[in-house]
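Both complexes shown next keep subunit A, but they swap its partner, so subunit B is in the first and subunit C is in the second.
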Partner chain A sequence: MKRPSLSMAGLRDAVRSMPDDSLTAIREAALANLDEHGLPTVRDEDWKYTDLSPAIDISNRWFAAGATSTSTDSLAASIEALTSSIDANWLVIANGIIDTSHYEETAGVDIGRFSDNAAPFVLDRPLADLNAALLHDGLRIRIHAATDKPIGILVVDETCEAAVVTQVSIEIEIAPGCDAQIIEYHSSTGNNDHYSNSVVALQISKAATANYVRIQNRRIGHVQTGRISITMDTDSKLAMASFDLGGGLIRNDVDIDLSHPGADANFNGLYLAGDGQHIDNHTRVDHRVGPATSSQEYRGILNGRSRCVWNGKAIVHAGADGSDAKQANHNLLLSDKAEIDAKPELEIYADEVKCSHGTTIGQLDDAALFYLRSRGLDRQQATHILTRAFAADLVSRTPIPQALETITALVDARLAELIQDGMS
Partner chain B sequence: MTSQNIESFVNQRYQHGFVTDIATESLPPGLDEGVVRAISARKDEPEFMLEWRLQAYRQWLDMKEPKWPHLHYKPVKFDEISYYAAPKSDADRPKSLDEVDPKLLETYEKLGIPLHERAKLAGVAVDAVFDSVSVATTFKEKLFEVGVIFCSFSEAVREHPELIRKYLGSVVPRRDNFYAALNSAVFSDGSFVYIPKGVRCPMELSTYFRINAANTGQFERTLIIADEGSHVSYLEGCTAPMRDENQLHAAVVELIALKDAEIKYSTVQNWYPGDENGVGGIFNFVTKRGDCRGDNSKISWTQVETGSAITWKYPSCLLRGDNSVGAFYSVAVVNNMQQADTGTKMIHIGKNTRSTIVSKGISAGRAQNTYRGLVKVMPQAHGARNHTQCDSLLIGKQCGAHTFPYMEIKNSSAKIEHEATTSKISADQLFYCRQRGLSEEDAVNMIVNGFCREVFKELPMEFAVEAQALLNVSLEGAIG
Partner chain C sequence: MLEINNLKCRIGDTEILRGLSLTVNAGEVHAIMGPNGSGKSTLALVIAGHEDYVVTGGDVTYNGKNLLDLDPEERAREGIFLGFQYPVEIPGVSNASLLKAAVNAKRKHQGLGEVDAFEFLKLAREKMAALNMDPKFLNRGVNEGFSGGEKKRNEILQMAMLEPSLAILDETDSGLDIDALKVVAKGINALRAPDRAIVLVTHYQRLLDYVEPDFVHVLSEGRIVRSGDKTLALELEDKGYDWVREAASA
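Showing the complex of A and B:
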């Protein structure tokens, strides 16, 4: 099968049809980069298990149709429902357009846009280039005092008849000593083809703490690539939980740079995949100095014809003595048509380190199933209880209490769907 | 142990670094169809073998050297290598050890493997490869009695062409990878083993390799076939003399286990690793693969890798038969500027297949050690089971230890576990041992041996002793 390649002519037209503003020069630079390097393919080691063809196909169709943005009027009800599901102060990016009308001005948080001050972005990867080339505007958030409510960022897209592409770019800075709570929530309406590409840069300053929750509950027609790059200063802390419940083709990249001593990064992820879903989580932690700790645990439940990828990479650079890196990945395969590709990587160039990884792939314990069934539960109920327990361990580690109830409900509902689909 | 002692210990010269002065008849450097034809002609090979080599050569021309390993080295100049070297005495082959060139025997003496003694005392038949042609095979008759065929590859091509035709390239196809294709075109010699149905090979079979002539790549080809219900344990071990230019070694080993058969393949690899600045040393690019073709068959790879400047090697198992079992036990030690990218592949195809991977990597000096492994469970492989344990031990601040495990699981009844740890010898462990009166050297020794114990216990007796000694030489003092 011949894989489509991104139409550069279409992309160029799309970029040049955007209004001439302070981001124009950056768009052109990104376009030139993409022209030179192109998008990654399955021949690139980091993309071995994930083929971007669907994203390229959607993009090309969108270019061909004039690369227009969609109105956000009909999203109002969805936005209302989603923002009221978690008690947070919401910034909304609807169909790629920033909307601050749901946000209440709060002391201690500054909200800006890239267009206010077009600081150069880091264009180091093809998808970041694609993002910069087609970006209407980016969101800049600076948190310098703790807030009562978490800051919520709702990314919601509506799919119309034609294929649509949207870009999201967010820069978040947490000031020294500050304790911040951030929720990133991706959702969509409609079942048509849509591709969204997000780039988030999170900077955690000295002795600051970031509590970060990411929820992805897109529709099945949705293709999403997203990268969050996190830099951590001395004695800073990160507690992150990521939930991938929906989406057709999802690729998440988490990059954490530990260049200062005393940093502590803890991040976990849960992915639930059923028929037609492909969820790829790539994480990379660069331990550049010690002492610093990183620990991650990802869990997956796969049913139907689904495929999930988990690739964790911990790199301990020369001289980073005192680094402590832990990786864990556990998967439950509930269907013979499901596939999991796991790759826990360690690259270590220092000796005063503690690094470990553990990966398991298996299925529900027959004895546990039997126990529940002998007490009168049917197979479906028993499966639900056991998978729920498997997921609950991660759900309970959600670092933002305000989000816990909604996440529990979303995970439960998705599990019930997955199991029902698998049994029918 | 003072740090000076440690230094001197780490910097021990390679003990097996000497060159035996025997005139060799080498082909001029370079590779083209003429060279392939010349190799085949010198070996008096049948037409099918020449054709096979030529096809491999043509395929090789279209292939590219792999770039994915975690290795850094100057590109190999394939046209500067001589593809064939044979000891002079090839013309009139010795019938027994007494007729063997005394210089050759002396070489083995220096290596600490006196053939006479070894053969008699250890009950081991040795098919010694000196450069590219086998010169002595012992215990052949004893093996012949039970129907075991154990001979040089060249001999097998002449005497048993039907077996060669049937099995050669059936596990590692000619164009499997760049080095396998090169080997298929120019392989010099190697060992051939056939164990007939129901036979348990009465002794452990062993081959000692030596790369001797300068500028000569050595391209062994080993083929082991265990017919239904048979059992064989095969030992491979190597040392090489000191040399300044890098030498290329690209071997291919194919194992075939039919129904209920078992093959145990053990390797101690101690080739010249280059000096402390990374000058010289062997480039070891090896393709080893076992095919558990029949139900209930078993293949196990055990390796102790201490030598070579660069090692690129993934002994693998194709678990095709139902209930077949694959195992990989490895100790890889790198010191100074050595680099190793090694591991295994376990491909589960049959039902209820099981595999075990135990990999112990030890890095010292400025060396880089990489474990790269694949566990793949195909959709039809119900009930597959894998356990992988890969541990790294770091000795010193400038070395590296890396793990790249791939797990591709397409069956929901699979049970896969993977664990890995990386650590250094802790001050506490050392203190504990020292407190009980052990010298620092002995303490390190004991800890490293303990670290590798799971692998050593899989080695046959003869090798276990040698392996421990090798580890001590390679590492012992490396802690500082």
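Showing the complex of A and C:
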């Protein structure tokens, strides 16, 4: 099968149909970059396991249909339900359009838009170029004092008669010494195809702490690519938990730059995949100076004909003595049609370092399954209990207490669905 | 209650039970004894429905139903309880949640609603006190990091909560010191009732000092080779298993 390539003519028309505003020059620059470099293909090492064809195909169809954005009127009920599920102060990006009507002005947090001050941002990756080229506007959040409620960013999309593409771009800065709580929640509805592409830049200043929760619960079949680039200053901390529950083709990139001593990055992820889902988590930590620590644990539960990728790269650059990098990835395969590609990558160019990685791929323990059945639980219940226990360890590491109950419920509901599908 | 007739089974290519027959009536306590490898644990696991064992002949009837047609969970809900020789550790699943799910599975089968959370905890704490178990064990992972004795007590706790009609206890006495043995025996005796039957699978006579059986059977090479009352256990202790084997082949 021939893989589709992105229609540059379609993209150009789409970019030029957008209103002429302060971001126009940036859109044109991004378009030129993309024209030169194109999107990554499976021939690129970083994209070996994930073929962007579905995203390209959806984009081309959307271009051909006039690249129009969808009304957000019918999303009101979804937005209401999602924002009330977690007690947070919500900024909404609905069908790619920023909506601050649900947000309550808070001392200590400044909210702005890219268009307020259209400083050119770094465009160094094709998907970031695609994002900048088609971006209506980006969200800028500066947190300089702790808030009672977490700051929530709800990204919600809907498709109706035709395929839709939306872009999301967010810059978050946490001021020195500040303790911030941020929730990024992606959701989508609608029977047609959808592709969402997001770019998040998180800057954690000196001695600041970011507690960050990412939930991806898109409609099964919808496509999402998302990158979060995190820079950490001296003595700053990151506690991040990601949950991938829905979607079709999902690719997440987490890049963490440790260029200052004393930084401590802890990030974990859970992915649940069933029939037809492809969830790829690529993480990269650059230890440029020491001492600094990074630790990550990703866990996956796969059923049906699903495929997941975990690629964890840690680079300890020359001179970054005192770096400590830990990686772990554990997978539970409930079906013999499920596939996981687990790839730890450690590149060490410094002398005094501590690095470790561990990867496991296994199935449910038959002895435990029989034990539970002998107590009256049917196979489905027993499987649910055992998979829930496997996931619970990661769920409990949610760094924002207000989100824990909803995440527990979402994980539980998705597990129940996955197991049910696998049994029928 | 339980009628086993000429039961034959194998695991892989190895034949383990070779025509075993046994009748257990309500109100009775039976002890199954025998040397290692005679098929005692296999018998317990086959009654509970372990799928690694393939029944190749004979039949098993439980309260008039063909037991071999039922899945393990159906057998449990019908009132069969297996106390495992090696209880499985399940990290991340609390003892309380397993007990509750098990009690509710049985109640649902009986057409009853879910157990009241308050009543459930009260009952669990009472049963635990009787077994000298710290209530903290309720919140720990099932058997996670438990000592051998704690695991066996935990099996008895599950049995006490589930109130089975037929309890099969596989080597429940192994690995217990004398104090723990007395506590476990007390738990078993508390369950003796006219409408209930208990099958004790054991290698040693020791447990039978505290739980007095009505019948003792000796298993050898997959068959019951001798049955008698509790004096048979004492005789065995005295003369060893070779005596039975010789008597059987004579």
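Assume the second predicted complex is superposed on the first by the 424 of 424 C-alpha atoms of A that agree within 3 Å, B and C clash if a C-alpha of one lies under 4 Å from a C-alpha of the other, contacts with A are read in each partner's own complex, and residues count from 1 in each chain.
As a working rule, a contact is a pair of C-beta atoms (placed from the backbone, for glycine too) under 8 Å apart; a residue touches a chain by one contact, two chains touch by 3 or more.
Predicted model, so just to flag it, every value in this text is computed and none were measured.
In the superposed model, A:368 makes contact with subunit C only, not with subunit B.
After overlaying the two complexes on the shared chain, residue contacts for A:81 are found with neither subunit B nor subunit C.
Shared-chain residue A:146: touches no atom of subunit B or subunit C.
If you count the residues of subunit A touched by subunit B and by subunit C, you find the higher number for B.
Judged by the touch definition given at the top, the superposed model places A:392 against subunit C, while subunit B stays out of reach.
In the superposition on the C-alpha atoms of chain A, no part of subunit A is touched by subunit B in one complex and by subunit C in the other.
Only residues 365, 367-368, 370-379, 381-382, 385-386, 388-390, 392-393 of subunit A touch subunit C when the two sit together in their complex. Considering their complex, residues 45, 318-319, 321, 331, 333-363 of subunit A touch subunit B. The touching residues of subunit C, when paired with subunit A in their complex, are 48-51, 71-73, 75-77, 81-82, 84, 87-88, 90-93, 97-98, 101-102, 105-106, 109, 141, 158, 162.
Listed in rising order, the residues of subunit B touching subunit A in the complex are 68, 379, 392, 394-424.
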